[in-house]
Structures are given as structure tokens and as C-alpha cells.
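See structure below.
Which chain is which? They are A, B, C, D and E, in the order written, and residues in each are numbered from 1.
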Amino acid sequence: MMQVRPNLDYEGPKSHQHHRAFVFGFEYGFLKEKLDQKEAAKRANEQLGFVFDIGPNPWSKPATSSFGCKPSLVKMEYVSPEGLRLDGRRPMEMRQIRAEIGTVARADGSAVFEMGNTKVIAAVYGPREVQNRSQQISDQALVRCEYSMANFSTGDRMRKPKGDRRSTEISLVIRQTMEACILTHLMPRSQIDIFVQVLQADGGTRSACINAATLALADAGIPMRDIVTSCSAGYLNSTPLLDLNYIEDSAGGPDVTVGILPKLDKVTLLQMDAKLPLDIFENVMGLATEGCKAVANYIREVLLENTKQLEYRRGL
Amino acid sequence: MEVDREDGRTQNQLRPLACSRNVLHRAHGSASWYQGDTKVLAAVYGPKAGARKNENPEKACIEVIWKPKTGQTGKLEKEYEMILKRTLQSICILTVNPNTTTSIIIQVVNDDGALLPCAINAACVALVDAGIPMKHLAVAICCCVAKSGYVIMDPTKLEEQKMKSFAYLVFPNSVHSVLPEGSVQGEPMEHGIVTSVTHGIMSVDDYFYCLERGCAASAKLSDFLRRSLQRHPTDSSKAG
Amino acid sequence: MAAKPGSAPTTYSPSLTQKTRPPIFKGNDLDWVRPDGRGFHQCRPAFFRTGAVNSASGSAYAEFGNTKVIVSVFGPRESKKAMMYSDIGRLNCNVSYTTFATPVRGQGSDHKEFSSMLHKALEGAIMLETFPKTTVDVFALVLESGGSDLPVVISCASLALADAGIMMYDLVAAVSVSCLGKNLVIDPILEEESYQDGSLMLTCMPSRYEVTQLIFTGEWSTPDINEAMQLCLDACGKLGKVMRSCLKEATSASQE
Amino acid sequence: MVGLSVGEKHFIQGGIAQDLRSDGRKRLTYRPIYVETGVIPQAHGSARIRLGATDVIASVKAELGKPSALQPDKGKIAIYVDCSPTAAPMFEGRGGEELSTELSVALQRCLLGGKSGSAGSGIDPSSLVIVEGKVCWDLYIDGLVISSDGNLLDALGAAIKAALSNTGIPKVNVASETSGDEQPEVNISDEEFLQFDTSGIPVIVTLTKVGRHYIVDATSEEESQISSAISISINRKGHICGLTKRGGAGLDPSIILDMISVAKHVSEQLINKLDSEIAAAEANEEES
Amino acid sequence: MGLPNASGDLSTEVEVDAFRRLFPLRFYEKHLSESIRPDARPLGRARDTTIALGAVASANGSALAKIGSTTMLAAIKMEVMTPSTETPDEGCVAIDFHMPPICSPIVRPGRPAEAAPVVSKQLSDTILSSGMISLKELCLVSGKAAWMAYLDIYCLDADGALFDTALLSAVAAFSHLEIPVVSLNDDGKIVLLSEEQEGMSEREPVNKEKRKLTLCSIPFSLTCILHKNYILADPTAEEESIMETLVTIVLDSSSQLVSLYKPGGPVLAYTSAIQDCIAITRQRVKELQKILEEAISVMEVD
């Protein structure tokens, strides 16, 4: 089987004024056929190659940003007849991903993870002594997680107090997902803190946070069963769409977030809101899973590169 | 002095009473108490290890949480919590389980007048159901004073609003025991008031008249309470 | 019954018909008068009294013109926050306003900024090592705000600490100066503060001649800073004397 | 916050006394400053500053608002700082609030000047007014501490300065004159952006007094040795635009004046360094 | 120490203090059997009571009331609101009671005292149901504008009998209240008329007559402790914490019962005890009425 591999040589677009979708473009052709014959057949008619400058760009002008106002739910076209999405991506195309390890110097492990315009930082502290004695667990490590959003992360400046319901819920989701992959029994009576900070939110923050947390945990050298990677997919205009951005996410359609342990080939996280027929759900979930695998490959490469650097620095 | 009441009751007539206990499975003790359309559910948890906040090495602590039917707890609920707490503290034997906390949760199911008395009665049954040591039972009743001076018992919400003033009174249930009667100056114990809360202006004489009538009506309530407690916990009792 | 709970109608406080009040001074006009007729370098008469709150370990009341402040000190007592062992004591400060303190009805909430400033102004003067593992709480309530609130709170708090018998190196006196146009006015009132171009607040221990806290806003040149600081230091010295005599009176009164 | 042994404390203090700090710097040298602008695309202006292991982001967002009744000819500027728990576990939950408020207040004081808003302010609030008494820009400046290794205030001050230089506010055309209480209609231009004159924005220099000496740009190890510190904001003209004292111990007034003159000297170099870094970052951003 | 056997000898004084802390109830009962209280009061006597009107310049009406060392500061601010459609010609009174951390060692910042909302509710119930204020007097322009009187009471020092002192300060603040002269401007908003404008302004003030509220049947209250057969009037905080049965009686100036409040307590209140309490309260109401009248006359002389 062919590897789905992000184009690592490609340097990301410096200016978001000319934001384009380009990652995975060609490679995803294979995925598609494998995934969904019907979709592939539909797609066969389409032109190959990229068509730039299509669709409004939500990031271009903050003052007049369509980002703040929710697009109306009534029949909006999220996929053009040519089969392109609002930001110019194809339905099965992921946004560009980029990761960097070791961005917070004082943390035990840290990473930045970007999916298109979504950008999150994760920092891991621990394993260390449990701060609150009453929470100590005698036979395994205590994993804690806090998710917070920067005031400037959304289009409209948000002024939510810390610890609102959404943040608490996402904190819990991330904690449970990460707890499942950390070998907590190796570190009894200790505590591991995972802090994720969203710098820019453009849909899929949940997935981005989990990916960033995985990298940060790996950077901190915390023993894990496997890395966890996550990706979301949705279903709009009767088309399954991979890696929804904010506008697609707020369209109100179904949104499936999947987290997998790629090596063990197990699902650790599966969330969906809104309803979806079972057969379509399988398609969408399958698409998200493939996205996860693509992310996993990229993360593995980043980690490998990081290890090589470490080796080099040590003079090995 | 004949009074027309909307539901055709006489002045001293109470609404139909209903009481069932052990209605919740997770709680240590629970009860529901209906007075006409006013319905209150009470649950008791405890005695459990004392929370640090209200630790007392000599006495048990009682904590009341009042859940209104809708909305959030405001000042009114805080006041009710305080009155209930003080009332229940005075009927429980606190020295048996020192350094413990007993929580009583009151959930208002429906309010159709005389809410606080109804809640006190429900809490009382729930405490018995949980087996919390008590000195005696308490029965609570609401008396309304009209502008023309007559007094009615156990008003509905509509009557409560129409009347000039009303008083919530809590009387102790008479103790049938071998112990010497705990009374002073020759007055029987059930004439003493545990709690009294009034609202609106009334003359002092009106108040004493309320006391007298309330005390008489409380005897009926008291009987019902005793009867329903003697019954098997699961079957509910009804009275007219 | 009469009050309808839950329905809080929006209210406003009626304003004067004249749109804007004339500013208290004009541009570069050098001979304007302060609204209360004081000289530029003249402070308001200060009134202090200790022992205003019986249930506190120590307390003081201060009145500077319309600025009225009560400070209570509790402790040293057990730390409420489960803190780690510490061989020095903890100082906990809180400043709040009454709802009617300001001309427009406020929320009466805590003033976090002032709380932390009060903490910083006092911590250098208190011998924290004399009450290890425990906390001293300093709570201030501004009954009426008439300008220079923070300096009054700080001076009053140090008197309350003295009244509570907390060991200190010295009293802390605080004075602020406002810069209006080219003039420096000491101990500004609320109206002057709302027009100020810059301000300086200095808290010091008068007998030790040490500055515990210093805050500037606005644009200052070095000679201006020298002048303003000297002004404040002199005023703090005088204020220190008033505070000292208040304490002496209180002790002599209790001995009688 | 930082637990140090007696030996480590002596090492730091001794190094400072000998003008050679543990990272090889002199007492009055800053760590290298890295400036990156335009890091938050959806803001009107943003910048990220790294000072050793201290890493902060500042963003500027403008929203249309109404001027306050007291000052109808001025826009509003607000500074909020948030300490992300990624910087230190103690900022978790509400733990960072205290420091956040302290930093926000100090920055407001150091960068926005007095209440009248004209003197000592880096930005002239009257330049934000569109229609007097009716429409103005409300400028929200948000700071975020991502990683902290001392000297947060100076770093945030520099980040805000860089973010403001990076800021372009859309030009607004007032459609037609309206009378009375009506809000005038405004058109926000897509093409034309207004830049701020940022030359007047002061820089913040924090001088930490350790023993008898002052150091700039203290790391968190060094900050734990504070007897007292003074943060001074100084503009290009050499005027003091704000000052806050931190740390409890009392200081003799003459020492404060001495510290101010030292800070003035340091600020000249810092302003030049920062300006050239910002210019380089801007050029870098435009290039790509 | 108002102890009969405290002869100024330091060692006995320390012992008495220790006894008071260790066995507070026995300490009190010893006193009660002698018909005296530790602060040298007879059982039925209230502590010294003072009222100072106009303590806060920034409010429209204010008063400082002290009973013993319990101190309350009440202030009223008048704001304008649009009356509700059901009651177009009535204003509104909003009453709030605060216990800031300065008043007692029990209260900590951030966590409001348990007693505060309860006293707050009791106060607004009592004041509004007593009929002391006619809400119609607060009307400015029927259906358009009416006064909203914000009454905030701050406890500055808590030493028992919180409700009594708070009610006294509230009543005093209302009697000090001076309603500002206002007029209606062209936009339908109420604006303030300054004194020099009053004569020459083309706009007629809408409330020239109504500068003071007429207070009819003012309520006064007294809290008593029931302990065995003793009745202790006006308890201190220490007494309240030791003997837990409290009865608060509110009577108005025409001796009508506004509230009789006994929230539980180990001692049962029999008719005779209640009658005794009411009798003491009647006397206390007369006392308080006199103190309030004196405070007002002092104010008017100034």
C-alpha cells in the first residue's frame, strides 16, 4: 500500500492572506479510491490539479470578517459544483499541518501543532509529585489537562471567563484520550499535567490539541502505548469532508472527531454531534480515520527528526 | 363567622395530606409530602464525616440545601435554608453523632402556598426515615389573617396573596414517653413554638389568635404524621 | 410581595442639564484655584481614629475631606489557603468599595488593583518573620470616595496594623500628587483626579526615610520627578506625625 | 517560585557583584531579543517576542465602539494580559489571575499614561475617534505569556510596541452627517489601512536590585533574589512615562533617583535595538 | 470586666477570662442567676444606641446607627426607572444588606457571609410590608418615570443584633432622604436641576413639592434571647453564639405586629414568654422613636 505522506519539503505559506489548501493533494487520490468507490467515481470526472483563488477567504480581512458571523444554515454551498470547498480544498483534502517540538523552554515537554489556521501549543509538566495530596492515586499516575483559548484566538475578540463549559468539556476529552495511551501504571503516586493553549481557532481545535499533546508527551519522554492522533470529518452538501474549518464546522452539519492509536489500530476517541445515517457515518468515520493515519505519519516523522537532532547534538 | 374559600374548605380545614417515605434509593432517608397541590421532596444524607467548613467536635452539624422548582437559589431560598436548618437543629439530638454532617436536600416539586411549612414537614419525615436521633417531631402550619380579622388555615397560593398577613408556625409534636413532661409554667409542651415567621402587619391579638388556632390544627397534622410514620415505609398514606 | 423579585428594571441616575461642566482650570492658566480652595501644596486635614471595629484585632478609620475609609486587621490567624510550610507570615490584603462610594452607583465589588498595591506598600514595613505559618488579613472598605483613595487606605491600614499590635519597622504614610497642566497639586480630590495629566503616589516609612512603593503615570521629566518626590516625602513626614499622635492619644486614653 | 539552595543563591549574587551573570551577561545587558510580527493573522496587528526562554505574544484588535461621555473626543484602549498555564503549572485554573491583573495594570500604567490620556501615552487616543462623541475605535491589546523565564513586563511591553507597529486599522468613511442621537453610518474600507505612529511608545526597563547592584532583564532564578525592583517606562525623549515599584523592601529616595537615571541610559540602547528588530521583522514578513 | 468578684487582681482576672472561654454557658448562667449580664446590663436593657444622619455625602440619604458596638451604615441613592405597566404610578425600593470582610473575623473576601442574604431578605420584607413608604410617592411622571431607591446597608462592625441595627439605620436613612429636584427634558429623560437653575430654567421641575417621603408607621425591632426562663434583650455576638434561641419582634409606631421571627432554637416559646418579649419591645420602640426624633432635630438645627 502506498504511504500517505505529507509534503514535508514544502515550506508553508508565510502570509495567510494567500491561504491555500495544498497538502496531501495528489496523494489523497489513492485514499479516496480505497475509501469510497462512489465518491471516487464522482471525482473521476473532475479535473485533477489545483484551482486557486476560489471561494471567499475567511482570514483576509478581520474587520469585515465573515468569521465572526455564523453563515446561515439555509442551503449554503460548501462544495462548489467543481468539487472544491470554500477554502479551495477538495473534499478529502486536509489542511497543511505543521508541528514543532520544544517551544516552551521551561516545560518538560512541549509542542506546537498547526492545522491550517488552527494553531495550538501544548506543554507537559511531569511526572512530578502530586500537588494535591487528596488526588494522589497509589497505583497509577494522575493525568490532568487544562484547555484554554487565547483572547485573540477567534475572529471576534472573545471575553469568556476561564473554565467555561466548552473548555471544561474539551479538557475532559483530551485528558481521557491521553490517559488511555499513557502507561500510567509505571508512574504511581505522581502527576502529569498537560496544558493546551489555543492561539488560533479555525475548526478542529479538539483534534489539533490532541495531536499537540501527543507530541508534547513524547517530548517529555513519558512512556506511552502508542501515539494518539486525531482528525475530524464532516458531511455537508451530501459530501463527506475531511478536516473541517471553522465555517464548515459552524454550518451545523454532523462533525465526527476520531482519535486513534495508529500502530495498535484502535480507536480511543469518537465523538459526533448531529445525526447521520449509519452507512454514511461509516464513510465519514473512515475518512476521519484515514486523516488520523496521515497525521500519525507526519507526527512520526517529526519525532524521528527531533530524535536525530538530539543525537546529533549529543554527538552520537 | 363563615368564610367562603375558593376550594370550599372551612376556615380550619386543611387541604388533603399525603406522605410517603423512602421514595429515593440512594438517599439515606427521604420523603415526599403533599399538602393539596404543594408538593415537596426531601432527602437526607448522613451522618457523614464532618466537612472542614463546619466541623464541630461536640455537635453534629446540619446542612440544608433548598432547590427551588425553577431558577437559581436567591435570597428567599437562603432564608428558607437558614430557617429550616435552625428548626431541624432544635429537634435533633446533636450530641449523639459529634463531628458529623447531615445534609438535607429539599426539592420543591410544586408551590401552591404554605411552602415552608410543607418543606419542614417533609424534612421531618425524611429525618425519621434516615434514622437520625431526634428529641421530638415537629409539625408546621401556615395561618392567614384576613383584613376583616378572620383566620384561615393552610392557605393556597392565591389565598396567601389576597390576605393581609400570614404566619408560619412550627409546633413540637407531643412526646408520649415515660420521661417527665418538658413544659414550663404548666403549659403543655405542644403549645410552645419552635419556629415562627410572620409576614405582613397584624395586631398582637391576631397573632395570639393565630397561635391558638394553629396549635389546634397542628394536632390533626401531628396525628397524621404519627400514623404515616407507623406504617410500613413503602406504602404511602393519604388523609382527607 | 410589594417588591417584584427577578425583575430588575434598568435605571439611570439623572445628570445635570448642562452638557459638560467647565474644566476646573484652563490650559496654561497658572492662577486657577482648587475647587476646595486649598493651595497647590496643601493637603486636606487628616483625621484618624483607631479602634473603629470592635470585632477586629485592630482597626482604624480615616477621613480626608470626603474620602472615608475603614480598615480592619484580623490575625495573625490560621492560613485559610492550605499553604505549604512557610517560616514567615503571610499578608493578605483586600480593598472593596461600598455601592454608594462613588458618584455613580457602583457594584461594590473588590478592587483587585488596589488590593495588590496595598499589599506591596505594606509588606516592606511588616516584620513577617514574627508570625510564621500564619496570616494577617488587612481588609479595607472605602465608605466614600473623594479622591486619593489608595493613599488614604494605605495610611489607614498601617495604623490599623499598629492598633492590632503587628510588629512593624515603621508606620507607612502615603501621599499622591497630581499633575494638572504645569502645576503639581498634592492630595487631589476626585474632580482633580479626573482631569489629571499624570500622577505620582509615594508611600514611605517616615522615620526610616525609606520608600516602600512608588507609582508614576503620565509623562515626567527628571526635574519634575525630583520636585514631586520631594513634595510627597515632606507631606509623608507630616502625615506620619499626625498618625503617630493618633496612636499616642489612643494609648493614653486606654490607660486612663 | 524557584527553589534555590544557599549555594546557588550565593553563586548568583556573587556573579552579579562581579558583573558576570550565570549566563555570561553583564549586569546591564539584555538577553538577545527575537521579534516576529504578524503572527496572529486574524488580528489587526500582532507580534511575538522571545527573550531567552521568555516567550510572549501580543495582539491588537480594533472594534468600533462609542466614546465615553466624559471624553467624547477620545477612543478607548485597553490592555489585558493572560498567563497561559503552558508557561508554568501554577497558572492553571485561576492561578494565573493574580499575576495577569498585576501585569495588565502595570502595562496600562506604563504605556497608556494618565487619565486625561494625552500625556505619557504611547498612542494618542484622539487619533482613534471617527465621529466625535459617536463612533470611535476601541483598541483591545491582548498579551499572552506562553513561556516564562523572568522579566515578563519588559517582554510584554516590547511585544505590544511591536504589535502596534504592525497594526493597520481599516480606514473608515462616514457615510453621511446625521443629527441628534442617531448613530452615523460608517463604511469600513477594505484597502486602505491606517498605521500608528509608534515612535512615541515607551519601552519598559525593569531594574532589579540584588545586593548593592542593579541588573536588567533578570531570569526567574535571579528574580527570586529580588530585594526590590523598579519598572520604568521611558520614551524616546527620555521622559518617564510610568513607574511601578515591585518587591517589598524599602528604598532610599536617592537610590530610586539613581535607578531612574540608570534606566534612562539603558532605555536608549533598548529602544534602538528594538526598533531595528521590529523593522527587520516587518521586512521579513513582507518579503514572504 | 464587670464581674462582681474581679478585684483588679491580675491572676483572678486571667482565671475569669479562662473560665469564660472554657465554660461560656456556665459563666453566663452564673450571671443570669444574679440578674445581670457580663457587660453590667440588666437582662431587659438594650445597649447604648446612637444615630448619626447624613454620614455619606455622595448619597441622597444616609445614616449611621450604632447599638453597642454593632455599627451599620445605610445609604440611599435615587435613580430613575421606567415603571412597570401593572403599576405605572409606583416607584420601587431595592434593599441590600452587605457584610464586608471588615465587619467580622468570620467573613472572608470572596465568600459572602451566610447571614447577609438572610438579613437582607428579612429587611426588605419588613420594610416593604410595614407600609412605611408609599411607593406612589416615588412616582415622577405616571407611566414614564419613577424613582428607584437603592438602599444599601453595610455592616461595619458585627456584634450581635444585626437585624435591629440594620433596620434602625435603614429607617433613619429614609428619614434623612432628600429627593433631588428634577425635570423632564425633551428626550423624555429625567435630568437634574442645579440650584441656580431652579429659578430661571424654562423647564418646570416635576417634583417641586415632593422632596421628602412621608413615613407613616415606622417599624422598630428588638431581638431577645430566650434561655430557660430568662429573656435577654439586645444580645451581643457572644451571647448569640452561646444561647441559640433568638426571637426578633418588629412593631410599628402604632404597636401593630410587623414581624415575629423565631427561627428554631432549642428553647420553645410559650405564650407567656412571647407576651413578655412583646412588652419589652413596646418599651424599646418608644426609646428608639425618641432617639430617632432627637437625631432628626439635631440635623435640622445644623
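Throughout what follows, a residue touches a chain if its C-beta (ideal position, glycine included) is under 8 Å from a C-beta of that chain, and two chains touch if they have at least 3 such contacts.
Labels paired with UniProt names: A, C = 3'-5'-exoribonuclease family protein isoform 1; B = Exosome complex exonuclease RRP46 homolog; D = Ribosomal RNA-processing protein 42; E = Ribosomal RNA-processing protein 43.
Only a predicted model underlies this, so the values are computations on that prediction, with no experimental measurement involved.
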Expressed in steps between touching chains, what is the minimal separation of chain A and chain C?
2
Which of the chain pairs holds the record for C-beta pairs in contact?
C-E
The chain whose C-alpha centroid lies farthest from that of chain D is chain B
Per-chain C-alpha mean nearest global C-alpha mean belongs to chain C
Could you state the distance in Å from the CA-based centre of chain B to that of chain C?
50
What is the distance in Å between the mean C-alpha positions of chain A and chain D?
32
Whole-Å distance, chain A centre to chain E centre, using C-alpha means?
61
State, to the nearest whole Å, the distance from the C-alpha centre of chain C to the C-alpha centre of chain E.
29
Within chain D, the set of residues that touch 2 or more other chains is none
Where chain E touches two or more other chains at once, by residue number
129
So which stretches of chain A touch two or more other chains?
none
Touching chain E in the complex: which residues of chain B?
74-76, 78-79, 82-83, 85-90, 165, 167, 170, 172, 184-185, 187, 189, 191-204, 206-208, 211
Would you mind writing out the residues of chain A in touch with chain D in their complex?
14-17, 59, 61-65, 67, 103-107, 110, 117, 121-123, 125, 131, 146, 148, 150-152, 154-155, 157, 162-163, 193, 195-197, 199-200
Which residues of chain D touch chain C in their complex?
70, 98, 101-102, 105, 109, 113-116, 118-120, 228, 230, 235, 238-253, 256-257, 260-261, 264
In the complex formed with chain A, which residues of chain D make contact?
38, 40-44, 46, 52-53, 55, 57, 59, 61-63, 80, 82, 84-89, 92-94, 97, 140, 142, 144, 146-149, 170, 188, 190, 285, 288
Looking at the complex, which residues from chain C come into contact with chain E?
1-4, 7-18, 52-57, 59, 66, 68, 70-72, 74, 77, 80, 94, 96, 98-103, 105, 108, 110, 137, 139-141, 143-146
